Each structure stands twice: as structure tokens, then as C-alpha cells.
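The structures considered in this document are given below.
Shared chain: subunit A. Partners: subunit B in the first complex, subunit C in the second.
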Partner chain A sequence: MANRLSALAGHYSPGRFGAEGQAGVHLSVVADLRLHQVAAWPDSLPAVGQLLANSIGQAAKPGPGCAISSEQGAVLRIEPLKFWLLNLDPPTIEAEQGCSLDLSHSRTCVHIDGPQAQEFLGRLLPLDLRAAAFPDNRVASSALHHVGVTLWHRGGGYDLFIPRGFAVSIWEVLHATALQFGLEIS
Partner chain B sequence: MTARRLSTGGLIDRTQAVDFSWDGNPLQGFAGDSLAAALLANNQRIVARSFKYHRPRGIMSCGVEESGALVTVGDGDRRDPNVKATTQELYQGLVASGQNAFPNVRFDVGAVNNLFGRFLPAGFYYKTFMGLPPFESGSGTGYWMWCENIIRKAAGMGSASRAPDPDHYEHGHLFCEVLVVGAGPAGISAAIAAAELGLDVLLVEQDALLGGDLLGQSDAQASRDELLKALAASGVRVMNRTTAFGLYDHGAAGLVERVTDHITQPDPNLPRQRFWTVRAQQTIVASGALERHIAFDNNDRPGIMTAAAGRHYLNRYAVLPGQQIVIAGNNDSTQIVAMDMAAAGAEVTLLDARADIGDSTALKDAGVQIRTGTAPLSARGKTLNSIQLARGLPGAWQADEKLDCDALLISGGWSPVVNLISHRGARPQWNADNACFVVPEEFDGVRLAGSAAGVWQTQACEQSGRHAAMQAAKALGKTVSEAPGVSIGGWQTPIEPLYEINTEGRKSKAFVDLQHDVSSDDVRLAYREGYVSVEHLKRYTTLGMATDGGKMGNVIGLALMAEALGKDIPAVGTTTFRPPYTPVAIGALAGRSVSEHFRPLRRTPLHDWNLTQGATMTMAGLWHRPWYFARPGETINEAYIREAATTRSSVGLCDVTSLGKIAVQGPDATEFLNRIYTNPFAKLPIGKARYGIMLRDDGIVMDDGTTWRLSETDYFMTTTTVNAAKVLTWLEELLQTRWPELRVHVTSVSEQWAGCAIAGPKSREVLSACVHQTRAVSNEALPFMGVIETALQGGIPCRIARISFSGEMAFEAYVPSDYGPAMMDLLYPQAALHEGCLYGLEALGTMRIEKGHVTGAELDGRVSIDDAGLGKMASPNKAFIGSVLRQRPELMRSDRPQLVGIFPKDRNATFNVGALLCAADEISGMGEGWITGATHSPELGHWIGLGFIKGGVDAWQSKIAVAADPLRDQQTEVEIVSPHMVDPSGERMHG
Partner chain C sequence: MIRIDCPFCGLRDHSEFSYGGDASINYPPLDAPAEQWHDAVFLRENIRGRQLETWQHTSGCRMWLNVERDTVSHEIFAVWPAHRGYGRVLHAEKENTE
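Moving on to the complex of A and B:
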């Protein structure tokens, strides 16, 4: 099987950049993203949501703009009727219940953390990322440098899903913005 | 004026001397100085020249309202004009210079304008030079344009560097429950009170230091320290050097933060400025009040400034603005200024227009000479050396004696800064008792506090701030104890309205708007010219239009207009304040959207691979696509002709990833497609693709593309590159608003799949060598318009359709994007075995023009399906979007422009895209049609084109048309032919 080639391959190198001192922002590219979309119909939403929650060992589906996760994977509610499944294959969905779609190659995922990650993202996204408004496992669709992106607050850091074709352009903006905080790329 | 630095006092750091340059001369100040303070400390009296008359100007204020000390800061590519010296922080190595003057501001030849000033009133240039016979008549404006060029050079301000901006800027977003604008006593008190109620508070201050008016007070250091200590403990987020320049809907505010404008060698990682968007639930505006000038003869002489500014320079910067100081005003606020100046060792005379100024014991004890019922009538000296006094009452002044002085500090009253709340639509109301405009206490979640609300005393301002915080908390649902409000005002003795001082019949050059040289006579001239509205006054005189936005002069101008009209000020009205409150650099507005990031670049998964193969790229929307692949020594023309010819004779590969791709899924997907496409989709078999046209509601073509049926409920739709987002949005709209009962989901998969077109007679050989099972692409397994899902060698999942844009036997193969380069590494060596090539957009265009295939160039939003020659694709047996309105009589006319092919009559001739198609005997006007595509056809061996012409081919069979190109001065005789210029029967692609 051929190897997957990330959109950012050859466009970044790990290391320490920008302001000296403790790095305020850490960036890392999520390799070989596994991302499936499952969409339900209005009347099948409870059943499909439950099916997805069960597939990662959780009791209930995530509410709009929220995510649930476990060691098996994660389920992000990205639209009222649509879910994203991360790191697991979707369960079989009959057409009467909904439909699934492989989007693993459609997004480039950059993980952002570090002590100034929230402040850093505030330079880029018109989102209220204060802890009370955007706690762990919150998901939002937004625009970053004119490009529609999805942000998931995960484990104190953030997963930023960028449409693949814009990945290099957005990465360059992320990199330039992060320099003032001290940037570490791993 | 003999301004000087005092040996003690101020908030400057005397341990840090700061060297700077003024007009090429080395000077020194201290850390903590503003440029204006440092210039004043060095007794630089003339620092600027006025806009129109080139009159000498000095420092007139200590803040953003400055109208005089406009200077240029920086040099080379960092030259920044029209900087207010009063707001520019001094830093080591700062380079500043005067502007709008030659050879310099101290001696300026442009000052000759002033000698003719009486002949140059408002409107002079337009009235004199526009339509001046015999140079101009009728609607001609050539002479005026010539004159304007000269006038603009004679008048103006500084000039910016024409080099690219070397700095970078960024945007940012902030959220809070309460935004407090202004960190004076009211703002700080409001912020602390709101934070103590558990609210998330953001406090912004345009100055480097917090404190507002406290910074200018001689005895406020302790109370300021106390406030700052409480502020630090409160958890309030504080941003200094940050101006809130505008308020917008739903609590949005625009801020500009000056990050490095005060630093000699800034950290290159930092932006120069940040443009912040704040979204606040409640906003408290504690933006203070600005002291007004008074119009009197020569009121612009260097040495004249506002009284509060004089006090500010004394107490914040330890600069005494003069030795013989006259302070003139009409309100109580001048008294403390007089006492501070006297305490600093100046000889002080206080003029007050009022007959009664209350208890003056303290003034007299301080040694201040007091003259009531007195005001300055005229200032003398190129730089101030004396004033002539006027005695009496406003409106009945009599000339009085002369008084020597080297500084004149003026207070004509105070104008609350209501700009921000006005941005939201609140109308200022005139408060006659305090001679100022005020606005309602609350307007749409915005509250005023402190002197911005017309409260004059420091303690009352603090109380006003706390009250505003309580009200904001209440609005946010907090249970709070009532904090008493504060009444507007606070003078011991009422203010005496005073806007102009002159005696009957005396000639005077009294300025109202100092930055644009608008005088009181100009205001009266506007009245005599018949302008009665304040908006007309503004446009006729340019009052309030300069970079200070009328902060100094608007109220005076209104008052004089009201007087001329015989009305009260409220009856004249006020102009609308609009953002920005102070100028915002274009760079800050642009943020990081500059240069290569002016817009985001969209790369296909094959981008780097294409570059490796020598692609020259071109923009296609936001996409970068290969334009052509030139071999060494080849021109673009040679390259694309070779690529097209090779593809037609053997095989060519083309990156087609940018085509829009939409997954259409669900039990009702077939029904949905049948409703949006003009042609039938109800019976499209699984494993087949179909070309489809979709119309808008009005019957005009929206887009075209192929849709592949992958399963009973799963389709793969392609759109044109340019319309991908538009089509997806349209489909979503239909599903969500018109047909919510259809169980269909549409999702963009444009980024999921990397696509390559394999075109040409050898395309099957190339593909069959790359797929996992060779027979998968045989003619039987994959006939024309067939679709398969298979795998390439190496197990790369792949979906292939046998469809053709080039007109050759061709396939489009799509693999998951991360495998895109791997797909090309399989395909290209196989193509090379057949002496095939890579081809770009130029060759793609050539081949589609040869075939008469339409793109966005033809489907431009004006074309019906019949115009495009595709009328047979409109099913008469079903309803679809646009099916009714496409049959409007206008769209069914037989003489509408229709798609045609175009040959030059002389086969060696050429024509251009955009040329008009005219009848040979009537080459004029809009012609009979137009050309949308043109290229050299390798297949036909001559130039060809696509376009539209009235009546189509049938109407032009025996007629010669002319491709008229007046912009490029070219005319070419052409023949109108069928748009299907190569292989019209489609034998090649059906193979």
C-alpha cells in the first residue's frame, strides 16, 4: 500500500522558532487522519447518535457543538444532523437511517497546545475561547484567514481541521502568528 | 514662549535620557516623554505649517485632538506622515520632521499663501477654476484638473513612503462581559467595580499610561497609585496603547493596539500594530472630554494651547510651557491650571470672560493676577509674544490694553467625547447649562461615565464609573446594590458660553478648525452662500473633515452657524460621528492579508509534484493550477500547442483536482438530482455518469458537470472549479428551504479527492498499466460514461469515469488526496512510454474550444440553455429548477446570441477574447455578439474561437462578420461556424 503524503509534507520542519524563553505555542501535524462523516435524518437522529456513542463506549451522543471521546475514538457533532468520527471506522448505517462518508483526506489536522494556545488562537479565530464558553470537548466551525475550519478543544489543546488545499497557506499564517509567543513544532 | 524642563517633578524617567532627531537636529528628552513634550522642553516653538495658508503652528494640545503639531515620524520605508506629536511616545533614535513646508517649518516659502489669505476663502478654488472660460465650457473639466494638480501640491499634509511597508500587522479577537473604554478616574473605577461583581472586564486605554486626567494633576499621584493598585488586584484585563476607534452592532468594538510604535528596535516577531475585534456584552465608555479653543484673531499662533494641555505638560512631563503665562477661559477649570503654573514659578495672569468667578482667594494667594470680564482679542508675534485684550461681555467686546506673554492657555469649555456611542446611532443633545453635547446615559448596551457623560469633578467621575458598572452588571442579570448616579456638570460658577471674541467691524483671522484652516469668516461665508444645514457647512468649508475629525472645531463652528442663522445650537444640529475615532493605518486593517497571503492560496494535492515537473502555475479562483509545462527553450505558445497536439495524437495527463466535487447521498438523492438538472437522472444506472446542466430559478444556466452514480443512494457530482461553493450552497438552500422532506445530504468532497484526466488515444493503455486489474478499464468494463471503483497498483483506492472534456477518449481518475502524488508517479511513466505529456490549463482550453465545450467564460450568468446550444438537454417531460422561466418569450427568441465557432477568414489572422462580433457593414456599438475563447488549434492549424452571435450559425452562413477590438485597435474578418470544430460526431471520445 502506498504511503499517504500529508499536505504539509515538505512545508515545515520540527524545531524551536520565534521568541525566546518558554515556547508559548506547540504545533504538531496529525499524521494519517482518519475522519468519517455520518449524517442522520431528522427522525433517525436519536438512533444514529446512540449508535455512534456506543461505538466508542459512551452513553449518549454529543450535543450540537460538542464532542465525546474515549480510547476507541471520538465523535464530534459538527452540524445538527452531522457527526464526525475520528480514529474509527463508522458502524454500518442503512440508507433509511443516514449515510456515511470518508473524509480522511479532505482535512489536514494541526494540533495546537502550549500555555498560550488560547491567546494564539484568539489572534486567528473569531471564537470566544474563554474556558466558560469553550470548555474541553467543545467543537466550533469558524473562519481562519478566510478559510472555513473546524476547531475541537481536546484535552487542554486544540485540534484544528483545515481543508487540505488550504493547509500550507494556513500553516504559514499559523507559523507567522505563533512566532511572537515562541513556537515549538514537533 | 520660553518653555523649559523643570528640574524636578513629572512622571518621566530622568535616569534615561533619550536622543532623537527633529528636522535633522539632534535633541534630547527623557523616557516617558511624548514627542510634543520633548519638543516643548527643547523650546521648539514652530513645529508645523498649516494645511492651506502655511501658517506657523505649534503644539496646541496634549492628545488625540491635536490640530497643530502634525509631523512626520520615521524615514525611508517607515516614514509615517501626519503623526500627532502629542501622542507619539519618544524613543531612542526617533527621527521626526516637519511637513507641508519648504525648506522647513521655521521658514516656509508656502507662507506666501497667508498674504493672500483674504482672497482664498472656503470654496475659492472651485468657484474660480471650475468652468473658467475660455478654458472650460459645458461639461469639460480638463482645466480644473490641471489646476487641481497644482493646488494639491501647494496645500496638504505629509506624504507617506511609497516603498512597501516593511512591518507586519495582525488581527485579533477578544470577548468580555464588560468593555471599558478609557482608563481615567471613571474608567478605572468602572472596571474595578464591574470586576468586583464577578464580571469579566476588559479595560482599554489609548495612552501608554493609565490615569487619564489624573496624569495631569499636580496632587493626584497618591490617588492614581491607589486606583492602579486596586485595578491590578481586580483581575481586569488591561490594554494600554490601544484605541477603541469604533463601536458597532451587538457590542462589537474595533480597537487598534500600537505594539511597537514606541520601541527603537522592536522584536521582529511582534506585529507593529494589532487590529482587535472585541465582542462585549456591555460597554462603558469613559473616554473623557476634550477642552475647546476659542476663535479670536491669530488664535493659532505657536505658544497657544489648551489650558489642560499646559497643565498636563507641567505635571506629567515637568515642562513649563512659558514664563509669562496668560490663561484665558470661561469656566472654572482654568483656575487650578493657573495655580499649578504659578506654583511652578511662572508669572500667571488669569483672564475669565465671566464677571463672577466665585471665591478667588486661593488664586490670589498663589500669586495669580485675575482679570474678569476679559478675554484675548488678538495674538501677536510670529510666535506668541503678546496679546491684545478685550473687555466687556460676549457679543459686546471692547478692545483693551496689550499684555506681554510667551504662552497663552485657552479653555472655551469642554466637549464630552461622545463619538463612540454616536457610532451606534445615539444622537447627542445640547446641554445649555454646560455648553456641550451629551448623550443618553445608556444606549443599546453602551453606557457613558465620567466626563464623557458631562461630569466634571474627579470624585464625581469615579462615582459615575461605579454607577455605570452597577447598571451594566444589572443588565447582565447580576443582583447589585444601587449605586447613586451622578448629575451632569459640577462647576462652582456656571460656564459662560464663548466661541468667538471680536469687536464690531474688526478684521480678524480667527480659526475654528485649525487643521483645515477653516476660519470663523469661512463659516459666515457658508451662511451667506445659503448653506443652512450643518452637513452643508461641513462639506462647503471642510470643517471637521481632517484627521482630528473636528474634535477641536466642530462645536465652535456649530455655534457660529447658529449665531449667523439666529437659531439655537440644537436647531442647527450636529454632524454624525463615524468611525474611526482616530486614524487607523491601512496596514492594521489588512492584518496578515497582504502579499502572498492577500488571499489564501489553494493547492491541489499534486501541487508540489506539478512544480517538480516544471509547471508554470496560474490562478484559477483561489486555486493554483498548472498553466503549461514548458520544455527548455519553449515559449508558452509552443508549450501549449505541443501539449494539445501530443494529447490528441497520443496521451496527456492533466491535474483536474480543482473541479468541484459534491457527495449527494440519501434515499431521495435520485429524485433530488432529477429536480435540479434539466436532463433526466431518474434512470441513471449504477456505474454510469451523466453530463448535466442546472439552471437558476430564472432559467439562466448556473453550472454544468458530470454526476456519477456510485450506488442506489450515493452520487458523486462534479461542478466547474469556479462554481463549486456556489452550487453546494444552492443545493443546501434547496434542501433546507424548498424540499426539507427529501432525505438527502450534500457534502463537499472537493478536498477529499485528487483528480487526473488521462486523455488521448493511448489513455486506456496508460490507465490499464496502472490499475490493479487491467480489465477493469477495458472498453466493455468501462464504456463511454462508465464509472468504476477500483484500485491502482499499490492498493490505492481509485474511482474512474470515462468522460472527456478534451474530445479524445479520456478518463478522469480520482484517488484520496494523500495518494495524489503516488497516482501521478504511476501514470506519468506509463504516459512517457507512449511519448505522452503533462498538459496545463492553456492546452485544456485549446482542446475544449476545438470541441465547443462551454465553461464559465460562456456560462456567464446571461446565457440560456438554448443559447449554449444545449437546448436538447432540457427535458420536456419533467419539472426542474428553471423549467418554467427558461421558456419566457425573451429567452426563446430565435435571434438571441447563440454559441458559435469562429474562424478567421484569413487563416493566418488572429483575434482576441473580448472582441465584439459585428456585421461587416456595421462595425459600431455593441455589435452582434462577442468572443469568449480564442486559441491556436493544432488540429486545424489556424486560429479559432468560441463566442456568441445573434441568430447563431444559421443566421451567418453566407455572411462575413468582423471581430472588432477597439481597445486593441484590431479588426479581423471572421467566419461563423459550428462550435464543434473538431470531431463533431464525437467518434474519438466514444472510441
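Moving on to the complex of A and C:
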């Protein structure tokens, strides 16, 4: 298999940048992203959702704007009729039920955490990220500098999925915005 | 700032949506005379008050929506999926969780 090269290769340098003291924002790139999009028809959505939930050992599909996860992988409900499946290959889906598409190479995933991660994202996205409105395992698609991105609140941090062709310019925006909080790139 | 309560995503800012146009137009059959198509495509009421519109949640769930909005106050009275299949799916899920 071909060696995968990150869209940020050559633009990504680990280290400590910006404001001194404790770093408020940590950024890291999720290497070798495995991401499949699975789409269903209105009538087959319950069956396809069930299949995907079972594929990661869960009982029920995620509701609108939610994610479910286990050690095997995760299912994100990104659109009314579409799911993202992470970290495993999709189960076989009959053409009458739906279809899947490998998007592994189409997105660059940046993991964001740190004590000021929420405030940092608040400067960039028109989303209510307060804990009550956007708790763990919530998912939202929005626009960051007019680029369509998807945000998943995962394990206290956030996974930000960026279209590969925009990864460098969005990375520059993230980097510049994080300096005021103190930035650590690992 | 207009905020639209997307049936899938919840309340979101205007910047995530694209305006689609007048949702009250009934488009004529494809082989209808050019005059009918002219009227359907170009003639608008330019309503001052409540208007039925389509919007797409382009930067969110990408769903097409019907929106009933006041063109003066920007108050939004109702939002629902333009596609009946989407409406059915979201309605069924809501029933299941309530």
C-alpha cells in the first residue's frame, strides 16, 4: 500500500508557541485517518443505522448531531441520511439499502484540546460549544473561514475534520488563533 | 442576524445557510409554454410580511428547508424539511426519543 502523506507535511512543526505560561490549546494531527461515509435512503435509514451501530458493538444508531463509539470505532451522524464511520471498514450494505464511500484521504483531522480549547473554537465557529449545548459525543458541521468543517466533541477534546485541499490554510488559521492562548503542538 | 432552527442541527447562524428562493412557486410542466416558465422563474410578489422561502443548510447538514419568515422583522414562524422523506425520518426519530 502507498505511504500516506499528511496534507500538513512540511507545514507542521511540533513545539511550544505563543503566550507564555500553561499552554491553553494543544493541537495534534490524527495520523492515518480511516473514514467511510455511509448514506441510506429514508426508508432504509433505521436498518443501515442499526447495522453500523452493531458493527462497533453498540445497540442503537446515533441520533441527529450525535456520535456513538467503542473500542472498535465510532459512528457519527453528520446528516439526516448520512453517517461517518471511523476506524473500521463498513459492513456490506445492499445497494437497495444504501452505499458507502471511502473518505479517508479526503479529510485532515486535527485533534484540539487543552484548558482553553472551547474558548479557542468559540473564536472560529458560530456554534454554541458550552457543555450543556455541546456535550461529549456531539457532532456539528459548520463553516470555518467559509470552509465546511465537521467538529466532534470527543473525550474532553475535539476532532476537527477539514477538507484536505483546505487543510494548510485552516491549519494556519488555527495556529495564528491559538497563539494568544499559548499553543502546544505535539 | 437571522438564526434558523434547523430540524436536524438545531438553532444555527444565518452564515451557515444559503437562500434558495420563493417556496410558494408551483413550477409548470417541462413542456409548458415559455410564458408560463417566464412567470414562474421571474415574477415575484416582493412580499412585505410573511413569506414562504427555501433555504439550504449548506455549511451544516446540507438539508433543504422550507422556512416561513417575516421579511420585515425577520421573525421565523416555522421551519421544516423540504423533502418529505427527510421530514418522515426526523419525525420518526423524535417520536422514538420522546
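The working rule: the second predicted complex is superposed on the first by the 186 of 186 C-alpha atoms of A that agree within 3 Å, B and C clash if a C-alpha of one lies under 4 Å from a C-alpha of the other, contacts with A are read in each partner's own complex, and residues count from 1 in each chain.
As a working rule, a contact is a pair of C-beta atoms (placed from the backbone, for glycine too) under 8 Å apart; a residue touches a chain by one contact, two chains touch by 3 or more.
Just so it is clear, the model here is predicted, and its values are computed rather than measured.
Of the two partner chains, subunit C is the only one touched by A:141; subunit B is not. Contacts of A:41 after superposition: both subunit B and subunit C are touched.
In the superposed model, A:65 lies in contact with subunit C only, and not with subunit B. Of the two partner chains placed by the overlay, only subunit B lies in contact with A:177; subunit C stays clear of it. In the superposition on chain A, contact of A:122 is made with subunit B only, not with subunit C. The partner that reaches more residues of subunit A, of the two candidates subunit B and subunit C, is B. Contact with subunit C, but none with subunit B, is seen for A:80 once the two complexes are overlaid on the shared chain. After overlaying the two complexes on the shared chain, residue contacts for A:88 are found with neither subunit B nor subunit C. Within the superposed three-chain model, A:99 lies in touch with subunit B and out of touch with subunit C [touch as defined at top].
Overlap of the subunit B and subunit C interfaces on subunit A: residues 41, 81, 126-128.
Residues 8-13, 15-16, 58-63, 81, 85-86, 88-90, 92-93, 97 of subunit C are the ones that touch subunit A when the two sit in their complex. Remark: subunit A residues 41-43, 45-46, 63-65, 78-81, 126-128, 140-143, 148 touch subunit C in the complex.
For subunit A in complex with subunit B, the residues that touch the partner chain are 1-7, 10, 18-19, 32, 37, 39, 41, 81-82, 95-96, 98-99, 101-107, 122-128, 130, 133, 145-147, 163-170, 172-173, 176-177, 179-180.
Partner subunit A is touched in their complex by these residues of subunit B: 168, 170-175, 200, 267, 269-271, 274, 277, 279, 592-593, 597, 599-605, 608, 623, 663, 665-667, 712-714, 743, 745, 747-753, 794-796, 816-822.
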